[in-house]
Structure formats: C-alpha cells, structure tokens
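Should a chain be cited, it is by its letter among A, B, C, D, E and F, assigned in written order, with residues numbered from 1 in that chain.
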Amino acid sequence: MERIKDISNSAKAQVLTDALPYIQKYYNKTIVIKYGGNAMIDEQLKDSVMRDIVLLSLVGIRVVVVHGGGPEISGMLKRVGKESRFVNGLRYTDKETAEIVQMVLAGKVNKDLVSLLSQHGGKAIGLCGIDGKMLVARKADTEEDLGYVGDIVEVNTDIINDTLNCGYIPIISTVATDNEGNVYNVNADTAASKIASALHAKNLILMTDIRGLLRDKDDDSTLIPVVKASEVPSLTKQGIISGGMIPKVDCCVEAVRRGVDRVFIIDGRVQHSALIEIFSNEGIGTMLIG
Amino acid sequence: MERIKDISNSAKAQVLTDALPYIQKYYNKTIVIKYGGNAMIDEQLKDSVMRDIVLLSLVGIRVVVVHGGGPEISGMLKRVGKESRFVNGLRYTDKETAEIVQMVLAGKVNKDLVSLLSQHGGKAIGLCGIDGKMLVARKADTEEDLGYVGDIVEVNTDIINDTLNCGYIPIISTVATDNEGNVYNVNADTAASKIASALHAKNLILMTDIRGLLRDKDDDSTLIPVVKASEVPSLTKQGIISGGMIPKVDCCVEAVRRGVDRVFIIDGRVQHSALIEIFSNEGIGTMLIG
Amino acid sequence: MERIKDISNSAKAQVLTDALPYIQKYYNKTIVIKYGGNAMIDEQLKDSVMRDIVLLSLVGIRVVVVHGGGPEISGMLKRVGKESRFVNGLRYTDKETAEIVQMVLAGKVNKDLVSLLSQHGGKAIGLCGIDGKMLVARKADTEEDLGYVGDIVEVNTDIINDTLNCGYIPIISTVATDNEGNVYNVNADTAASKIASALHAKNLILMTDIRGLLRDKDDDSTLIPVVKASEVPSLTKQGIISGGMIPKVDCCVEAVRRGVDRVFIIDGRVQHSALIEIFSNEGIGTMLIG
Amino acid sequence: MERIKDISNSAKAQVLTDALPYIQKYYNKTIVIKYGGNAMIDEQLKDSVMRDIVLLSLVGIRVVVVHGGGPEISGMLKRVGKESRFVNGLRYTDKETAEIVQMVLAGKVNKDLVSLLSQHGGKAIGLCGIDGKMLVARKADTEEDLGYVGDIVEVNTDIINDTLNCGYIPIISTVATDNEGNVYNVNADTAASKIASALHAKNLILMTDIRGLLRDKDDDSTLIPVVKASEVPSLTKQGIISGGMIPKVDCCVEAVRRGVDRVFIIDGRVQHSALIEIFSNEGIGTMLIG
Amino acid sequence: MERIKDISNSAKAQVLTDALPYIQKYYNKTIVIKYGGNAMIDEQLKDSVMRDIVLLSLVGIRVVVVHGGGPEISGMLKRVGKESRFVNGLRYTDKETAEIVQMVLAGKVNKDLVSLLSQHGGKAIGLCGIDGKMLVARKADTEEDLGYVGDIVEVNTDIINDTLNCGYIPIISTVATDNEGNVYNVNADTAASKIASALHAKNLILMTDIRGLLRDKDDDSTLIPVVKASEVPSLTKQGIISGGMIPKVDCCVEAVRRGVDRVFIIDGRVQHSALIEIFSNEGIGTMLIG
Amino acid sequence: MERIKDISNSAKAQVLTDALPYIQKYYNKTIVIKYGGNAMIDEQLKDSVMRDIVLLSLVGIRVVVVHGGGPEISGMLKRVGKESRFVNGLRYTDKETAEIVQMVLAGKVNKDLVSLLSQHGGKAIGLCGIDGKMLVARKADTEEDLGYVGDIVEVNTDIINDTLNCGYIPIISTVATDNEGNVYNVNADTAASKIASALHAKNLILMTDIRGLLRDKDDDSTLIPVVKASEVPSLTKQGIISGGMIPKVDCCVEAVRRGVDRVFIIDGRVQHSALIEIFSNEGIGTMLIG
C-alpha cells in the first residue's frame, strides 16, 4: 500500500468529502456487523475494525456488533481439561460447556471488545442474550441430541434500541436463554441475521475469512459481486455455494426475506473492509439482495 | 417461622399497607446493594434476594446491584491450575489472573444474576466497570507490588443512570479499567461505596455474613444498631471494629462522608434482610450515619 | 384475626414478595374502583380503603375512584327540610334536589375523600362530571318523569388521563351535565362502568355490602366466584341475580362488553378486600368476565 | 352604551388589532383573578366575566380564578337552620359551619363556575385548597377563638401549575386544610394574594363592588388610579383607606411585596372590567404597585 | 368609518369577547394567506395586514404567508434595462430574469415583510422555495417555451412545519427550484394553493383587488358569497368567472379538492378584510367550498 | 496533486479513520465559518466548500455560515447605474444602496448558497439579520456620515439555535436592522465574530484570500501558525499586521476575548482548507488564541 503520509492534505480532504453521499445514505440507519474470523484474532485488524466501528457510529449510523468466539472457547475448554464429544461433526454442549461458553463470550471476548472500542473513543456497552432477555432460545431440534445448543425463537430488541438511543454501540455476544434460565450456545451468524431482521436493519455485514462468493474457490478473480436470493438454490446445486458457506448464505437469505435491504459477505482479512463496503460503490465482497 | 399460608389474607393485606410509608419514603430514590457472601451462594437465599430486588424496583426505587465473586474466582483459578501467590496475605494478581477475574465476574456471576432476576420478572442488565468506561482504576498504591489490583479513581455514572432511566436494574461486576485498557481487580465493597457516592444514593446496603457490628462478636444480642461516623475511631480502638470489618466500615464511613444518607451492614444469611431493613423501622443490622 | 405484630419480619417480607407477580401484572394498568356502601361509612374501613388505594397507586397502578353518596344526600335533604317525592320507587329529582346532590357529592363527600387520601400520603384530586366536561348526560328516558335524573351519553376521558399522567389519583363524584349546564344525578355504578370502558381499564371493582353473587343469598358458602357475561340471563331467570343486583350486574356486563378485562363485585365490609382481590389469586368476591 | 351591532366590521377589526400590544405583553404570563361581589351574583355580569376569562385564556394568558362565596354560605346556613355566633363582628366557625362552607364553596359555587366556563368553551377544572394539598392552613391567631377560621401557611402550587400546563383554567375555592385533615374557612382576598405570590403571577386582579380607591368615597371622580405600596400607611392615616378596604389593600401590598408586578382593584359591576383593565391603557380602577 | 376612539371601552371589550367563538374554532389550525395586490402596495393597508397577521398568530392560529411581487419585479427589470419578451401574453423568463425575480422576491419583498411583522411584534422568518428545498418545480409544460417559468411538482412542508413549531410566522416567496439548482418563477396563487393542500390547512385566503366573485362585475351588490366547487364550470360557462379569475378560481377548486376546508377570495383593499373574514360570520368576499 | 483515483480503497479508509479524533473533538460543537473572497467566486472552490460544509454538518458539527458579497453588490449597483460616493475610502450607503445590498445579499448570494448546499445533500436555510430580528444595528459611529452603515449592537441567537436544533445549516447574510425597520450594511467579518461569540462557538473560521499572517507578506514560508491575542499589538506595531488585516485581526481578538476557543484565518483559495484545518493537526493558516 502507498504510505498514508504521502497523501497530501488536499487529497485526504477530498477522500473525506467523497464519502459524503454514503454518509447521507446511511444516516440514522441501522447496520448489524457480525464480527468474527481472522479480523477478531489479528491485533492490527482488530484495531482497525474498532476504528471503523467508532467512525460509522460517529457519522450517525446505528451500529450493532454481534460476535461469537470459537477459538477462545476451544482454548478455555482445553485449559480446564474439558474434552469435547462430537455428534455428526457438531460439538455436544453439556451444561459445563455451556457455562464455559457463556463465561468466555460474555465475560472475556465481549468486554475486551468494549474496552478496545473505548480506547478508540467509542461509547460501547457489552451485552449478551441474557441481558433484558434479548435472545430467547429453545433446545435445537436436531436428529441427535446436541445438549445445550439452541435455536433462537425470539429477539427482544428493547435493550438494543434503548442502548442505541442512549448513544451506545451495543456489542452482543451470542449467548441465549430460555424461560427456565438455561443457557444455550447459538450460532453467531444466525443470531446476527435474526437480530438484523428484528431491528429492521438496513444492512447486515458478515465478516469472514474468504474473499466472498467465488465461482472458482481458488480464483479470487471469479468473485460474484451480487447474488439475488432467488439465485441461491441454483448456485448451491452448482456447488458454488457449498460446505460451511451453505448455512452462512442461508442466514443471509433469511435476513433479506425478513426485510434487511442488503447483506454483505466481506473479507475481514482486508483492512477497513467494512468501511470500504459501506463508504464506496466498489463492493469488495459479495452482496446478497432480495 | 410461622407458615406463610397460615397468615390470613386480611393480615397479608395489612402487611402490604404497613409498608406504605417506607415505599413513599424511598420512591424514586437510589439504593446501592453490595451483594455478596452467603446470600450469593445459597440457592434459596439467592432466590429470595432476587425477589426482594425486583420488588424494590417495582415500587419505584432505583436499585443498583454491585457484586464481587471471590469463591467463583478461586474455583476457576483452581480449575485452570493457576497457583496463587500471596503478598502480605493479599493475592498477587498477574495478567492471567486478571483475565480470569474479568471472565468469571463479568461473564459468569454477573450474567447468572441477570438471568435469575429475569426469571423473577426483573428487567436487568449486566454491566462491568469496562462498559461505558464506568470504573476507571489505576494500579493500587501498596507497599509491595500486587500486580493488577486497582484503586478506583473515577466513576462515570452515565451508563448507570442511562440504564436506570430506561427502566433496567443495573447489575455491576467490579472489574475496572484504565485508559490503556488494562483490567484491574478492585475491592467490591469499595466499588459499591464509590458508586453509591457518585450516584448520590440515599442508601448503601452491604450484605455480609455477620449479624452487624457486635460489641461481643460471639453474642448476637450485643448488636450495635446505630453507629455515627465519628464514633468509628473509638470503636476501632476498643477492638469492636477489627480484622476484616475495618476496611468494610471504612467504606461505609467514606460513603457517608460523600453524601450517602445511611449505610447498612446487614446479615445476608437472614432471608429478606434487605427488604426488612428498608421496609420496617426495626433495623436488623447496623446502620452507619454521618 | 391474628395480631399483625405477631407476624415475624421475615414472614412479612415474604408476604411482600408474594405480591410481586400481581404488582407486575397490573403495572401501569388502569383500575377503576367504584367506592360505596359500608366501606364509605365505617371510619376504620374508610381508612383502610384509602391506604389500599395509595398503595395501589404507588406500585404503579393507575387508580381511578368513582363514588356516589346516597346516605349523605338523604341526610342533607332532610336537614334542609326537603321532602322527597317517589315515582315507582325512584326518587324524583327536582332542580333543588339536583343542586343538593351536586353540593353534597362534589363539595363534601368528594373533597373529604381527597383529604383522607392526602393524610395517607396520596396525591389526590377531586373531580366531578362537570370538570373538563367529563360526564355529559341527558334526561333519563323513563316512563314517568324523574326530573334531573340523567343517562350518561359521553365520557370525556381527557381530564382523567391528564390528571393520572401528572401523578394524581382522580376521585370522581358522579354528577353529570349537559350542554346547557343542567346538572343531573346519575347512577354511580353506571358511571363507574362507563368511565372504566372509556378508559379501557383493565379492571373495574365494585365495592358492595354483599359477599358477592350467592346461589343461596342466605348462605355465604354458595358464593359464585366466576360468572361469564353469557351466563347472566340464565342466572337472572333462576332468580340468583335479582332485585338491586340486576342493574349492578348489568353494569358489569356492559363494562366487559366494552373491553374491560374483568369486573369484580367485592365485599367492601371486609378490610382490604380490594387489595386482596388484586394481590392474590384467592378471589374473595364474584368476578365477571367476557 | 352604543349598540354593538352599530359598530362596523372594520371598526371591530381595529378594536381587535388595538389589543395586540396587550396580548403580546401578557403572553404566557400568569394572572390571578379574585372573583367576587356583584359580578358573581348578577347573571349577566357572571356571563360576561366568564367570556372574558375564556378569551384571556385563549390568547395565551395563564388565568387562575380564586373565589369565595359569602352570600351562598349565609343562604345555606340559614336553610339548615344554623345560627351564627359572632365574635368581635367576625363569624365564629364551628365544625358544622366549616363543613357547610366546604360544601357550598367547593361543591356548589365552584362547580357552577366550571360549568359556566364550559358553556362558553373554556376548559376549566374546579379545585379547592384540599386538592393536591394546595392550601395548608392553621387556626387563625386571633385574640378570641374563632373556631375553624384559618391562616394560610403554605401554598403548594404543583396542582395549579400541572392543570395550567395541561391547558385547564383552574377555578379555586378558598377552603384550606391542615395535616390532620381539619378544614378551615380562609379569607378569599388573602388566599388570592398568597396564590398570586406563590405562582409569581404578573398581575392580581381583585373584583370588588366599588369603583376603586376614592379620595372622597361618595365621588367617583376622585378615583386614585395608581397607589404605591409605600403610600398606603399615609392614605390609611388620612382615612382614605378605611373599613373593609384596609384588609383588602393589605392583601394587595403583601402581593406586591412578594413579587407580583401589579395589583388591580377593579369594579366588578362594570361589564368586562377585567378585560378593559388588561387590554387597554385606560385603567378603570386603582392599580397598586411596588 | 366611525372613529375608533368614539367607541366605549365596554363596547370594545364586547367586540373582543364576540371574537371568542372564532378564536376557538381556529385554535391551532393552519391558515395560508396569499398576500398580494393593493394590500401589498398601499402603506397603510400593508401595516394593517401585518397587525392582523400578528394577531391571528397570537391567538393560536398557525399562519403561513405566501407572496409574489409582480410590480417590484417589473420595477427592477426596468431599472436594469431588461426588456421583456411576451409569448401569448405571458412574460418569457430567461435566466437573467429568473435571477432578478429571485433577488427581488426573496431578498427585497420577503425580508421587508419580515421586517414589518417584526415591528408589530411578530416573530417572522423569511423563506423561499429554495430553503429546505421547499418548492420543487419543473419547466412549465406550455405550448410555446416560456423559459424559467415552472410548475410546482412537490412541496416539502418540513421547513414550514419546523418553523411554525418553533413559533415563527413563515413568510414564503414563490421562487422554486429543481434538482439541478435551476430557479423558476412560479405563480403565487398556485403556490399558495399547493402549500395549503400540502399543509392540510383549514383555510386558504386569497387577497385580491376585487370585492369577490360578482354576478355583474360592475355591481358590488351582486357578490356571490358562497360557491361550491361543483358550480364552477357552470359559472365559467356563464362568463361570471372569466379572464384572470379563471386560473385564480382553479387554484381555489384545486385546494378544496385536496382537503382544504374553505378558500376565501377577499378584497385586500378593505382594511382588516382577513380578520373580518375569519373573526365574524359576515363573509365579506366569496367563499369556495367542496 | 496526486490523482484521487490512484489512492487505494484501503488508504482511503485509513484517511477516514484518521479523521476520527477530530470528529470526536468537534461533535455537537458550534463552528462559525465566515465565507468570502475567492472561495465564493470560483465555481470549483464554491462547490468544494459546500461539500466540506455538508460533511462537517453530517458528522455532528453545528455549522453556521456567515457571508457578505462585495463583488455582487458592486455589480448590481453598476447595473442599475448607481454611482457610489466614497468617504475616507469607505462607500457611503444611502437608502437606495442599502436596499440593493439587502436584495443582493439576502435574495441572491444567500439563496444561491442554500441551493448549492441542497444539491450536495445539505439541509440549509437562508437567513439574514432581519429574520427573527437576529442582527440589531445602529448607525455606525464614524467621524463622517456613512449613511446606512451599521454597528451590530445585539445578536438574537434564538433563530440560529432553533434552526440548528431542527437540523438545518443556517446561512446568514449580513444585513442588519434597527427597531424602526431601517436596514444597515454591516461588515461581514465583524458580524461573523459577533455571531460566534453570541453562540459560544468553539471555532470561528475566516476564509480569506491570503495564506494567513505572514512575517514577510511576499514569502509564504514566513507564515505565523499561532498568534496569541496578547501578541497582536506588538505584531501591529511591527507592521506584520497592517492594512486590511488590522480590522480582520481585531474581529478575531474580539471573538477570542468573548469566549470563542480558537479563530482561524485560512486561505480559501486552497481547496478543502476548512476541512483540513478542522480535521488535521497541520494547521494551514494562522490560529488566533486567547
């Protein structure tokens, strides 16, 4: 990359004013960012995402951040010597594991993000699905028992809107609960999709570790910039959407069906990818629309 | 205890109306409850404290709950095989320990309390000192280095008042931070005292595992119902305030000096002790006043 | 009754927390209480009703009190030497009588209740149907002329809602008016029913001097706890609803038909009967539902 | 008087626009009108006062009406055969008399005024000193016992401001109360003066049955248009202020001393006298200033 | 005219109170006044219109003033030596003329009116169709090119309502714009009609230099006081509506069709004509209704 | 300048996030921009200033624009063949000239700026000192009569704050008025300074046609970046501040004395100079501080 300090003040100013139409377009609109993957591990990327979020918030966008934390959970489980049992490739979540999940997500990952946002001048608040009974789940309906793996059945947006209205950036860890107080591990992509729908968000942005949807997964130049929800079945049949992308794209389709304008699958490994996606007309990932 | 179901409806109604003057007195006033000790371990007591808090909140009191979680922290440290080093009887808190403290308090203890309050119909939100930069600390100024043990230097009450004004009961775990994002373990009694002062609370209630201040610590009948801040030095000299009670009473005195009307040291082992203290004129612990 | 002072603090506290679900259920809901009968004459009962009302108000219920005042009116008429003429058993209300009714209800009974509520810490305001043109009536359509006996044709709820929103407990005496300024005596049960409907109240409570609806009017153990509006014709045919109960039950049915959730006919002679009805699941009178 | 219908539309319009500077001057200001005397008895005058009040209210003035009702009280006492005992020329007010006073003022006179205002399109609410504990009194400190004659010791303006802010014209009857619920008869001029001071009213207008302060009480042409508070003692010594005017003028002086800009003693027997006083620069009575 | 000073204070007061029902009827309603003709040229008439407007505003009417300024435009064009080209009797508006129109209307006529209103105590703000993009126009669709003569295609009422809500009287000059920033000269009657419709105004008042709609245009006594929109075609066919009145009446019909209650064509040459029209039941012009 | 399209998206994003601390610093603060000189004539510069203003507004800064328009006034005077008389080098402003000034500034320059801002998505409102009686002036106190040249004696900020609070960017042309409705030509720099003081603005930015304050006016490299108010007399004595810069710097000093934090004299000929000054720590002009 060219060195930022080599750019003249005048050019910088023009960059700022070029962002104008995008700022106007998103003013007072809600954007849900599913934060995850490499962008949540690499320190420099983390830092740059935080700055992006504070900026989006300051120019008047209602930003909501949703995160999971697979690696941190695995690390902690290992640390306490807890062995995982797998059922059809999915981790069985017993009560003890559910507790570790809650502790790591809501206590560690979440509050660390709040702290990082604070250091960049953001006014953040760390929430999980238990707060204000935001995410209500029930045991996931799977063929074989997966323990405390849950499906979200209700999103209470009050606490999100209340904190947004008070000027905070809500950071949400995807721990859900039921009426008996059981805690469930829920999929973060799905949670982000459901939260975006419930908030009638304008955009949902999924940060991933891939370039976007590729016709040839080994060739970045085959990126599909725009996908219509109606094209998804055909793309799946062709194998272009496959493996781990299938549930991810399902979340996107679901969000679009429930009223989210646009869903972006972007590459979190690229610095400022969210900002570029929102503040330019050169989409850098794949946009899913209705 | 007499069985509650043996009390007639009429008598029950009278009990309710007898609470009237106390409800009126505390209407729209702030009460900070330092929740801890046995009342936070025994399941039945926990349940009863939660009900008390929801009730206080519903009759118009702005309730703020502050909690630590020593036993849970020790349990987790043990589980991850972390040995503790002690300095003058105080646990040295290295970076790793500070992380465990944050995770256990903000992720486990805190959210479990939020969940429990929810189940009793409370509208709760779980916060720690990192959220909205509520508790700013610096390294504690002790003779020997204690690592990440902190002194609170600033309480930003915005996030507490914002959530109270939106109708939530804020549950606060005593994890603090500095401007560089370091996390500090801070004493929960001190934190509660500082929060109460900063909020101009009417009352601060410390739930403990003792009956109150006793002239003879082995004789409950020697309970001192009221202590003036000015009497504390003499009571300390007489050895009536001693050991672990010294810093606890210091917190109380500090709160009173900074404008809190009354501080109560109550016995959390007694069911509904907070409710009895607030809703009757028969103090059941020791009240500290200016 | 067991002596209230024999109940331990702990039991008292439990009584308070047992009220929680009821407080939550009625929070910010409107309850209209038709106050009358013995409960309005006996000094101790009066006192206890006032305390109940203040308590209901403090725990967040929007309480509206509607009252008549037959005995006080009769007393005053007698005092000024005014003889009453009866038409088919109903008192003929000439202009002079209407004036006495207004004076006694709006000036004496009403303001005395406001004063009593004030003494128990309530923030009350005394209104009648003339204020803010709340109750608009026209001459009752009866076979024989009854003079200034009126039927309510319109309830303007603005003044009730305005005063509720300012935090007052409105006490309403059932004097109505027409566009020419004539004053009408209106039935208090009917007025309460119409006001409850117009306010979309959750509950209407009629305080009477009977135990409730009894299958055998001489046997309290035959109390019918719940009556559906659809069962009323049959119960009337059977003579279980008869005499003065017929118009009273009609008011209840009308309120339920117009959207009030539940109407309670309770025994005002029992201390705290309203409180017991609202704050327990042991109904002590007859509940009429849709 | 020239016939109003002989005035051309154009002249009428000019009359309206001539009122402009006065309307602007009083916009959103508070005026307390002590209503009494002939203007409260003569039907045509009553009607015209009501229209004036509605007009003042509509052009943005916060109008508060305070009234007594001597003749109506006397009439009622007579009707119930209650003999009055006089002490030094002042009526002794026993408990029974106090009750009649409350009933007549708050129930009859007050609500009749509310009704009359309503008929002219005013949005009025009838209050007395008991409502919202507005007027707190104690037994008047007189040489000989006068029973329930009271001195106002506190004016709680909340209920007046609340109702003004909701757009009502508060009509206040001068019945006061103490903390034990005793009812006191208080002087209406004094009450109006105290209410005006407590509300920081701009003007206080006393409607009387005299032309104003006259140098020669038998010669209307000797009207004193403006009196300074400091001139009152001298005018009293000269006998120009004498008899019943002494306490009346004292009320005026007291109001001016406590911050009311101007107090007007006007002749209620002249139609539209209040309107003329406020909406022209030709004062028609006596103005008392600081 | 009779001399205003010959009217007694009492008669004046009665004039004021006679306005009551009209003030009540228009309270908080919106009235759009198209100001023009002689009333905008004659100094005394101007003055009197301004007073009327301030009065209407003070008694709670939301007044919006719309004005053109033909004579001032012509004057200025002449002054800069700009010759006008006419197409079918309509002035061709080239870019330069459009600029003069904007300058004269928005800079001179408009701000002079604001100044005049200020001097009479009004709180006015001068706007044109460019401000807040209030009036969006496109090139008028005429047979022969008229240059920058525009048809209004959109009225953004935000800026009008915002300024009304802040207590200002908006004075609007009829200069419109398109998305490219071109400026259009638009007909003031049409603009007033469109603004009134967009604001859901109660009344639209067109000030003209004629007495109203006359059956015989030379005989004022043949004034038609009320015209229904449905009668317009027939009246046009009869030649009663003819010439310049045709587009004017079309504006009225259009306003009525789009929800304005009543449109008045009044004679601006008569002093206080707007006030008389609104504040009496003797219409002095022609009222057009739906 | 490097071509903006050669800057990578990533670098652009970093430019945006680099602006973060500046956006945070000015959030919800008021900045007054005196717009003038070349930046108001050159079309490209105009366009770029407008974009800067919209951007500043969107990121939460309360921007107020103040402008004069010397060249446009001269042009118009010439066009109408009005010769100017000069007194001590200052133009004598007769009534006719004052009218032209008002017309050109408030009608042409002002509304053109509003239009331009609109086209870039800004929500602007065009005001002059007459609106809401914002700028009250009196005849300037000069040795020789200058006609309608005025000194501002009062700034009513209500209309500015009202429009800012409604979300508009107020564009103010420097035409002032007195209580008699006379119109005065006032110096735009002075007006901007007085408006900034009255608004308690954080910054005042004067756009000029010079690089800033130069030690050697022919050598841009001798720019003085920061000047303290106390240094001004000495700099004037040295001749570094001279000629037309003397009154300009006086306005700056006055603003700083009356509480404006910082005043910037910047070069309007440099594109985005205002944005660069605010959004970077490389001041490009001269900053005057207290």
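The rule is simple: a residue touches a chain if its C-beta (ideal position, glycine included) is under 8 Å from a C-beta of that chain, and two chains touch if they have at least 3 such contacts.
These numbers were taken from a predicted model, which means no experiment stands behind them.
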| said: On the document's contact criterion, could you list the chains that touch chain A and likewise touch chain E? | reply: F
| Distance between the centres, which are taken as Cα means, of chain D and chain B, whole angstrom | 56
| query | Roughly how many whole angstrom separate the Cα centroids of chain A and chain D? | reply | 69
| said: Distance between chain B and chain C based on Cα centroids, please, to the nearest Å. | reply: 45
| field | Shared-contact residues (touching 2 or more other chains) in chain A | value | none
| message | Is the chain-to-chain touch network here best called a line, a ring, a star, complete, or other? | response | ring
| said: Under that contact definition the chains make a ring. Starting at chain A and heading to chain F next, list them in order. | reply: A, F, E, D, C, B
| field | Interfacial residue positions of chain E with respect to chain D in the complex | value | 1-2, 4, 7-21, 23-24, 27, 48, 51-52, 54-55, 58-60, 120-121, 270-272, 275-276, 279-280, 282, 284
| Touching residues on chain D, where the partner in the complex is chain C | 79-80, 99, 102-108, 110-111, 114-116, 118-119, 123-128, 130-133, 159, 162-163, 166, 168, 175, 177, 179-181, 183
